[in-house]
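Look for chain A in each of the two complexes below; its partner is chain B in the first and chain C in the second.
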Partner chain A sequence: MLIHIRRYLKVALVATLLVSNPLWAQHNDSPGPHGEVVDEIEQSGHEDTTSQEGHEEEEFNIGEMIMHHIADSHEWEYAHGLVIPLPVILYSQDRGVEAFMSSKFHNPQHEYNGYLLTHDDKEVIVPVDESRTVYDFSITKNVASMLLSAIILILIFGTVAGAYKSRPGKAPRGFQSAMEIIILFIRDEVVKPNIGPTYEKYLPYMLTLFFFILINNLLGLLPGAANLTGNIAITLTLAVLTFVIVHINANKHYYMHLFKPTGVPVALLPVMVPVEIVGVFMKPFSLMVRLFANITAGHIILLSLFGLIFIFKSIYLAPVVSLFALFMNFIEIMVAFIQAFIFTLLSCMYIGSAIEDNHEADHGIGH
Partner chain B sequence: MSLLTPAIGLLFWMLVVFLLLVVVLRAYAWKPIIAGLKDREHEIQSALDLAQQTKAEMVKLQADNAKQLAEANAARDRIIREAKDAADHMIAEAREKATVEGQKVLESARETIRNEQQAAISQMKKEVATLSLQIAEQVLRRELSDKASQEKLVAELASNARMN
Partner chain C sequence: MSDPKQENWDKTRQRTNYYARYSSLAFQMLGTILLFTYAGYKLDEWQQNKVPVWTLILSLLSIGGSLYMFIRGLPKN
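Right after this comes the complex of A and B.
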């Protein structure tokens, strides 16, 4: 099983290297074709024309290029011309659930079945009839990437768990020991000291959280991959989950402290209570923004570096930019680990501070 | 800005997929892994404890051994000393007894000798008296005229008596 995983990872690595070549080729191409697509999208977005206009040399818009790469999409454009269509799932009150492939939008109007795929600020599906409201539950590029990461995580840790089951009481071996180091680090350095004696209840969630963020951070660095952890919806969900866990498990001291902070004069309570309540929401908010901003910023820096080549339209800039990009990639790998670690660490600290029982000591000082 | 507005579809899928992932990984991965780690830690700890305990027992055993050895040495010394004392005692006693016996034997021998001596002396006295009487009888019987033959006879008798 272990050998299978290893072989699988090797094949995946080689495949990534092979397929990533067209991407670099695309970057070395003139921005013409790309600009054309953007041009096309612009036109359809404004709905003012149905015929294609002449091939004029479009000015390279780096902002648009970066946003296009960072944002979610209804199809997985791995490289230019290599596009994987993804299922679109829509829900509206009048029509119920509708599902079709995103390749159906591949027509000059980007229109199918009464829906338009717009690309103004963000790729959105809107109904042609503007009085209707439609909810988009499509398997977008981010959702597909998330499912992929979930499968990878289950494969990896299913294998590792199998190794523990098949060789109980033996020393870890190979891939198992590599994962064990990280699992032990999370358990002994992050979860146990911050949550306290009841840490085991939260350990599965924290391990899943850490490895989910880590693997998606790393997957996001691969060429053509989705920017999942740099998407606010993902970090929002994770932060809300932490928030919910904290407030389900918080003890009465935590809530008491919220509405009646100890050692605060009564006159100050009208100020302090709102501050405390804002603090409660600031914690998950900071979790959400930190991960989102760090990962998105990394992607923006990398894309900006590559964008320089097209702005200056010089092939001689490419090696320099590539060196910078290589350096940035190393930093991003580090950031991938650090951000996963920080998110987990802070989640543990929030839980730990809500369930700890040492508020009694504060009472003692207050009296 | 579009980057900061979460899409409802992504929120939905993220919630579903992540919660499922937590449930699946918790049941099929984290539980056996954490249990395996805990078991191994427990095993290592108990092995260490056992080693510690064995070490303490060894120390105790060694102390016991030393104590027993000292006791055995003491017992041996005591036994040897007692045996020596007994032997000395026996030798002294035997010697004393022997001396006493010897003394007794000597005493009785001396007694016997004295008795014999007495007997011999009295015998000799008797013999001498008898002899003297016989000599006197002879001398008287012969009525010797000359002095010379008398003296010759006396000398002859004396030498005969000495011959006895």
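Right after this comes the complex of A and C.
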């Protein structure tokens, strides 16, 4: 039910967003209860007005504000004015490895050492001399967030594992029991029924997948945090991992089925074989797009809700918007769990259908 | 199994399972059609056809093919 409500809300909000863009915003409102957000949005509003001085009123481009917030960045802007510089690591053939902090770009030209930090639609470091090629291995906001989540995961599961070791055979206690419920749920409800008797081999991967996505979804909901699982490169990597595991472990039935689908008339084979083969790549594609789209949509909704205050130029809207945003935040917490669960579930189903002996059993998802 | 709570839980799980299954089928259908149509589009561009023959053939074929796959993928009951 909630999923349906959410979907309608999303559609409505995105429509509002599209219709009302570009929009006008006042900058002389006194800061409301959302001082921080106001500041932040005003700031991005100012940034894009500098190039359009001719206007009588200052323009507030909500699309730009939102994209700025969900995109990756070379520095971690927690709140307006509170910016953590991150290390920039570049590799080029002629200069080798270069490393410096991103705060070096804090000058009017955004230029340092022959590199330019562009701010157009994406934050990219480009060499001033255009004939050079530079590879960017920087610790960006997303990478930093991922490292943070890795630390959190190690801490959580280090503690839990330690608790099992120190009190073997006894009932779990405290945080350990909270984790045990989730771990057992993933094992008994997701991995076991979908993969079958050889599930133990895949259990570590599935649990890692679930908790990695879950922690990063939840981290992304914190104010000022990065939008890691809403980055298509991350979801692509996860989907490719699943794809590789499926195809390393797939049995001959699975591969036979690709080139000679059973129960298909011979006349249809020239059509069906390409469709089947493309379908193999569409499974990780659907994993990738679903996680990316759900998380990004959630972020866009929350940001556009706050953007509404500036669209309607009214501070009285703030309490309503805050309440609604709070409600959406709760839903997003639920989505964080659901999406982690679904990613794991589908990975299990893909593996399960590739390793099962009887390839007739599941023409559904597995085919 | 007569525990209503357990039954409710089973139902919810079933629904989530179905949601996962069918939404992934939809994505797969969409992806297949998009990929084939794009391939047709590129072929037409390459051959500089006046009439986009390849786009037409491949998009229609992929729609038919993915529909066929989808219907075959439905549970038989």
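Heads up, the rule we're going with is that the second predicted complex is superposed on the first by the 301 of 367 C-alpha atoms of A that agree within 3 Å, B and C clash if a C-alpha of one lies under 4 Å from a C-alpha of the other, contacts with A are read in each partner's own complex, and residues count from 1 in each chain.
The rule we apply is simple: a contact is a pair of C-beta atoms (placed from the backbone, for glycine too) under 8 Å apart; a residue touches a chain by one contact, two chains touch by 3 or more.
All of these numbers come straight from a predicted model, not from anything done at the bench.
Novice: Put the two structures on top of each other at chain A: do chain B and chain C fit, or clash?
Specialist: Chain B/chain C on chain A - fit side by side.
Novice: Considering only the touch criterion stated at the top, classify A:189 as touching first (chain B), second (chain C), both, or neither.
Specialist: It touches chain C, and chain B stays clear.
Novice: For A:272 in the superposed arrangement: first (chain B), second (chain C), both or neither?
Specialist: So A:272 only meets chain C here.
Novice: On chain A, which partner touches more residues: chain B or chain C?
Specialist: B
Novice: Just to be sure I read the superposition right, which of the two partners does A:285 touch: chain B = first, chain C = second, or both, or neither?
Specialist: Touch partner of A:285: chain C, not chain B.
Novice: Quick one: classify A:317 as touching chain B (first), chain C (second), both or neither.
Specialist: After superposition on chain A, A:317 lies in contact with neither partner.
Novice: Would you check which partner chain A:143 touches, where first means chain B only, second means chain C only, and both and neither mean what they say?
Specialist: first
Novice: Looking at A:79 after the superposition, I want to know if it touches chain B, chain C, both of them or none. Which is it: first, second, both, neither?
Specialist: neither
Novice: Look at the superposition and give the distance in whole angstrom between the closest pair of CA atoms, one from chain B and one from chain C.
Specialist: 15
Novice: Kindly list the residues of chain A that each of chain B and chain C touches, one partner per complex.
Specialist: Chain A residues touching both partners: none found.
Novice: How about chain C: which of its residues touch chain A in the complex?
Specialist: Listed in rising order, the residues of chain C that touch chain A are 13, 16-17, 19-21, 23-25, 27-28, 31-32, 35-36, 61-62, 64-66, 68-69, 72-75.
Novice: Quick one: in the complex, what on chain A touches chain C?
Specialist: My answer: residues 3, 189, 263, 268, 271-272, 274-276, 278-279, 281-283, 285-287, 289-290, 338, 341-342, 345-346, 349, 363-365, 367.
Novice: Which bits of chain B are touching chain A when the two form their complex?
Specialist: Residues of chain B touching chain A: 1-15, 17-22, 24-26, 28-37, 39-40, 43.
Novice: Where on chain A is chain B touching in the complex?
Specialist: Against chain B, the touching part of chain A is residues 67, 70-72, 89, 121-122, 135-140, 142-143, 146-147, 150, 153-154, 157-158, 160-161, 164-165, 168-169, 180, 183-184, 187, 200, 203-205, 207-208, 212, 231-234, 236-238, 241, 296.
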